[in-house]
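The structure appears right after this line, and notes come after that.
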Amino acid sequence: MKLSVNRLFDLLDAQATGPGASIARLLHQLAIGLGVLIMVMGTEPLWRAAYGRAMDIGFWTIAIFFTFEYVVRLALAPWAHRVHRGDPWRARWDWATSFLGIVDFAASWPVLAVAAGMAPDKAMLFGALWLAKLAPYAEAFELIGRVLKAARGPLTSLLLGFLTVLILSATLAHIFEGEAQPATFGTIRHSLWWAIVTLTTTGYGDATPQTTAGRMLGGFVMLSGIAVLAMWAGILATTFEDETRRRNFLKTWDLVSRVPFFEGLGASLIAEVARLLKPRKFYEGTAIMRSGEPGDCMYFIVSGQVGIQLAAKIVALGDGDFIGEMALISGAPRSATVTAQSDCELLELDLADFRDLAARHPELTAAIVTEAERRKS
Amino acid sequence: MKLSVNRLFDLLDAQATGPGASIARLLHQLAIGLGVLIMVMGTEPLWRAAYGRAMDIGFWTIAIFFTFEYVVRLALAPWAHRVHRGDPWRARWDWATSFLGIVDFAASWPVLAVAAGMAPDKAMLFGALWLAKLAPYAEAFELIGRVLKAARGPLTSLLLGFLTVLILSATLAHIFEGEAQPATFGTIRHSLWWAIVTLTTTGYGDATPQTTAGRMLGGFVMLSGIAVLAMWAGILATTFEDETRRRNFLKTWDLVSRVPFFEGLGASLIAEVARLLKPRKFYEGTAIMRSGEPGDCMYFIVSGQVGIQLAAKIVALGDGDFIGEMALISGAPRSATVTAQSDCELLELDLADFRDLAARHPELTAAIVTEAERRKS
Amino acid sequence: MKLSVNRLFDLLDAQATGPGASIARLLHQLAIGLGVLIMVMGTEPLWRAAYGRAMDIGFWTIAIFFTFEYVVRLALAPWAHRVHRGDPWRARWDWATSFLGIVDFAASWPVLAVAAGMAPDKAMLFGALWLAKLAPYAEAFELIGRVLKAARGPLTSLLLGFLTVLILSATLAHIFEGEAQPATFGTIRHSLWWAIVTLTTTGYGDATPQTTAGRMLGGFVMLSGIAVLAMWAGILATTFEDETRRRNFLKTWDLVSRVPFFEGLGASLIAEVARLLKPRKFYEGTAIMRSGEPGDCMYFIVSGQVGIQLAAKIVALGDGDFIGEMALISGAPRSATVTAQSDCELLELDLADFRDLAARHPELTAAIVTEAERRKS
Amino acid sequence: MKLSVNRLFDLLDAQATGPGASIARLLHQLAIGLGVLIMVMGTEPLWRAAYGRAMDIGFWTIAIFFTFEYVVRLALAPWAHRVHRGDPWRARWDWATSFLGIVDFAASWPVLAVAAGMAPDKAMLFGALWLAKLAPYAEAFELIGRVLKAARGPLTSLLLGFLTVLILSATLAHIFEGEAQPATFGTIRHSLWWAIVTLTTTGYGDATPQTTAGRMLGGFVMLSGIAVLAMWAGILATTFEDETRRRNFLKTWDLVSRVPFFEGLGASLIAEVARLLKPRKFYEGTAIMRSGEPGDCMYFIVSGQVGIQLAAKIVALGDGDFIGEMALISGAPRSATVTAQSDCELLELDLADFRDLAARHPELTAAIVTEAERRKS
């Protein structure tokens, strides 16, 4: 029995596949969205008055489900994850302290807060934390996380520098403006508010310097803010480029090893090709290329089956084949429409990269042509 | 008859060439600009009172023309585009659902709105949509579109993260400031307005936190806003660089294949050169280089004819020739003025790239010198 | 005696190692943080009234310690630094005019100000300068400094351009708005405040143009501000990338020369590897890799000792060995947990880089496999 | 006579060398700065009342000098510039329409305006244009200009897109908010002010949407503004990197050809070295390296003379020699202090680049060692 409940929650895994997985995922996302929407609307007196009861039922149903989800996931952690089979409590602890475990724990706060005696309409506000449950669905979140981690050294220094400028300028603003405007610059705590509003170039206007010295300081603070922002952008741009390249390479490399065609090429050429390929997914029934379009890429089929619509019949190709190479070699438009006959995983090779590769490695084009010929006959 | 109307609308194509094309293009752009200007000015009571009648005539003439243009383009879609000749309705559907079709449809809204019973001065506001008709004229729009498409993964994640921070901070602001300032933070909907104004560092100042907790939250939200902006910039910078490189390579590659001089070079060297060349257009009569200027590049002529003004006579060069190589090899200033004698398409090779290429591939310089000698004799 | 006092201050060096160094460092940082906090809180009348005496004692104790620290460091400069032994006054001068010397001098200002007759609660505000004493602790500060230095040419030009736009737009705003709003645009000095608030897109709203000409100018100034910011970011991103690459290479190169394994490889391959490795530090007792995790990197041990936890026993490896190579070669998860048995300095080789290297230099993988085999037997 | 006046104005050339040039340059810059300062201060009633006469004398002296400068430069254009000697009027026209000619013409506007009957205190405001005369002094201005030129395609498209979003959102804001706030959104012209203040995230707060639809539009406009800024930064970063690389290469290449040492290396290696070297200037008497410092670079002497301070004597080295190579090869600190004995032009080779080069091209290190040995004996 336990394993079938586990199966239920597996359905909610962001990367799960198989029948029902995408429906379960959709329901899960809808529940999150609906719950947060109710929470937002629940603070409107008019809405509360009109639909208060329906909103309460909807919200607390979702809240109880998420709390239940947390308990079950925690209980089943030893079965759900393939490691630490010997020690179920260690497995539970590991899951509970992982990112997903903490997020799922936070999702149970509305129920816990009510259980602890908080008023339901206050406890409802914890529903905003459910948004974090969406994180695993966005693949690129992980990439952004890796970028922040890789750039943490300079980013931290920048933040420290930012704080130093913040406190120094708040102190100076207090000195310059403190007497003229005691309400907004009378203490450094108040000055700090002005300083951060100015340093981030937000500029509410609720506190503005009026002495000449204060305004010169203000101008300098604004410029520093722009410099910090620019530097931040520079650091993130650099790191982002590096991480993207690295991540794509690993992803593609794994897929390349599953395409027999590449086996014949040397290891050095494979590494070069792997850096240029891009993984693409096509769902069943979608068109991969259309007859008459200009040919700007070719595809290698990692898994799945595609159908080439020729004059009279449909030719099926599958794992390890490639398509679209003719338009790249001849420069003519696509000669046939190709459709995915099942969910397909393809590797895309761009026209620009193909030409560059072909010029430096004529053996690659030769291998493609030979293979294409062999396939035809 | 039909084909000559088609000819008329071909004139409005952004990439059309031939007599009349550039004049038709200019008129089209003027009509768009004038129409939008009338719409903007039409909301000024003083202007309406003074020139109302003239403005109405101008605006509705343009509006009717654009509506007519849409109908004709739709009707002629099977003839205008070279595919799907067999099925005219499919061709029409394809055009109507393409970007250009949608833009042209939106351009007919002012007329459609009046036809549907809307007051003319309200319907006029749809004229703002005409601006979208300018898109095909800006070549680089396509590049920006490709960049956004290529970076859509991380950009979407970032937007999702942005929304999460937005809702979380609005909820917190509502908790911290809701009681102190019920008018601006009393509901999460109101708090959201503060949150987005702050997260984008716009800072109108119509809602500002006043409690210490609210201000600390505000400072954190501003910093997050800067971080998101910086990350966004980083992602776009990386993607932009990649797409530009790729697009330039393809453009140049097509042109390189039309210059006979390159045929003698190896495929690998051609690919390298193609990456360095930049396509340039010179209109008839403009000076390509002037005698006495420093020589910072050479040109390969893809199409068109140029005239070299020597002491006594003018020497004409045409497709496949190259000019400006002497200043690059000798380091001396330009020895002659060269003028385009017809619209010319050239490929520019920069001095820095030339020196680098020449050092690594002496055969290239040799080939250029040989060819130049041959030409002289 | 002198040398033992010197020893005391050595403990406060950011890079000091040995017993007590990290505790001394922590105390130093706490003193800075506490001092600045007291200074900030000291401007709040309520806090002053309640805890004024305690705050004074805390602040002035720290202030006197920092003043004492400066005097002693200055006196001991000839012994603390290994150069100029012959001339103690030159050594003192060199230290006093170095960045650290100036920072430490500024830290003594609160005491000096009181000594010079300033009121203690005013003098306290100089405590904000203590923040600068944190600079040496953040390694990446130096990197940011190098980036700013390397990019100073274009940054200065940009700043000059910024100033030109600032003064020109203030003059124009004065011309356009001066009569309509004499209080905020009546003199160029006042206009300048509007111009900088607008050019940095801060937008307090305390001065806004109201004439049409003034608003068009305003729009142009805002766009210029965005352009300057974008350019600034572009310049810093480029420079930052370059400096990071350069700095990492030097750091890694020094460490690589201490790993015997690399000696067997050719100089060219070493240079390539050095560019890819990343230095990492692990403190005693922390886990370097865990059994069952995916293997995304391998490590070369520069110094320190690690323990591999095999089924029954723990195998110790030390300087010059490498770990984690098996998961990279086989693609299987980590087969054992590895823990640092002392503070370790490792060089990390990422999976993506390893695969790329292995493809282009099969001799590297061969050398690693051979060495691993040798170690086992 | 004419040529000696020409000589006087040559002194004001940004790149002029020789006795008096730097003093003339300084005076010129001071005159610009003083003139602009007087103009700024001249709008302050208090200052005018106190120092009006002195300010007038100062300002108009400078104004008349700049007008006189323009006339003389124009008259002498045929002699000052080495081209078009045959046709003096063509030379004058060319100079008058060049960037410098236009800037110098604008500098004469204060005098021209008074001559044309404008009130002196109004005419004084044209003095702000004198700032443009500083442009030729900042070398990197030219680089920024080249970057903007190279990126003009995508930047223009982006600006067009910016304008489209601006007008569309102003129209929508007018529709949503026009009735609720007729004073700020009643006409599209007024809405446009809100739109640009919001799209650039300036956010004065003088116009803010209040309806829910208007606020949702506002949020979207702010996000678009951030996206445009990010894209702008991305485009400029990419272009800036490319232009910097290109410009440095050309500058260094010219200098490399003047160092005999490089002649012995192959052309391909020279091109590679030229990409890594950085040109540096040291004025007479400044220290190039100090004994005891870590050695992080070596220098090739392009022109000038340096003195190596050994134990007893000073060894002089000059054009074509190199210094600092020992610390790079051995890793030890600098063994001697080196001082510039005249204004020197050096080429710097960074430690990181040296190591990388040495690993891939052992012949370079060998050549340096051989040369160093030869020099000693």
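By letter and in written order, the chains are A, B, C and D; residue numbering begins at 1 in each of them.
The rule is simple: contacts are C-beta pairs under 8 Å (C-beta built on N, C-alpha and C of every residue); 3 or more make two chains touch, one makes a residue touch a chain.
Only a predicted model underlies this, so the values are computations on that prediction, with no experimental measurement involved.
Engineer: With residue numbers as the basis of comparison, which of the pairs A-D, B-C or A-B duplicates the interface of B-D in over half of its contact pairs?
Structural biologist: Interface equivalent to B-D, from the options A-D, B-C or A-B: A-B.
Engineer: If I list every residue number at the interface of subunit A and subunit C, are over half of them used by both copies, so same, or under half, so different?
Structural biologist: Different, since under half the interface numbering is common to both chains.
Engineer: What chain is the most remote from subunit C, judged by the mean position of CA atoms in each chain?
Structural biologist: Chain centre farthest from subunit C's centre: B.
Engineer: Between C-D and B-C, name the chain pair that shares the greater number of C-beta pairs in contact.
Structural biologist: C-D
Engineer: Could you work out how far the Cα centre of subunit B sits from that of subunit C, in whole Å?
Structural biologist: 40
Engineer: What's the distance between the Cα centroids of subunit C and subunit D, rounded to whole Å?
Structural biologist: 29
Engineer: Going by the contact rule already set, what residues in subunit B reach two or more other chains?
Structural biologist: Within subunit B, residues 189, 201-205, 229-230, 233-235, 237-238 contact more than one other chain.
Engineer: Once bound in the complex, which stretches of subunit B touch subunit A?
Structural biologist: Residues 82-84, 153-154, 156-158, 160-161, 163-164, 167-168, 170-171, 174-175, 178, 186-189, 192, 198, 201-205, 208, 212, 215, 218-219, 222-223, 225-227, 229-231, 233-235, 237-238, 245-247, 249-250, 253, 267-268, 270-271, 274-275.
Engineer: Subunit D touches which residues of subunit B in the complex?
Structural biologist: Contact set of subunit B toward subunit D: 36, 39-41, 43-45, 125, 128-129, 131-132, 134, 138-141, 143-144, 147, 162, 189, 193, 196-197, 200-206, 228-229, 232-241, 244, 292, 350-353, 355-356, 358-360, 362.
Engineer: Provide the residue numbers of subunit A that touch subunit D in the complex, in ascending order.
Structural biologist: 201-205, 230, 233-234, 237
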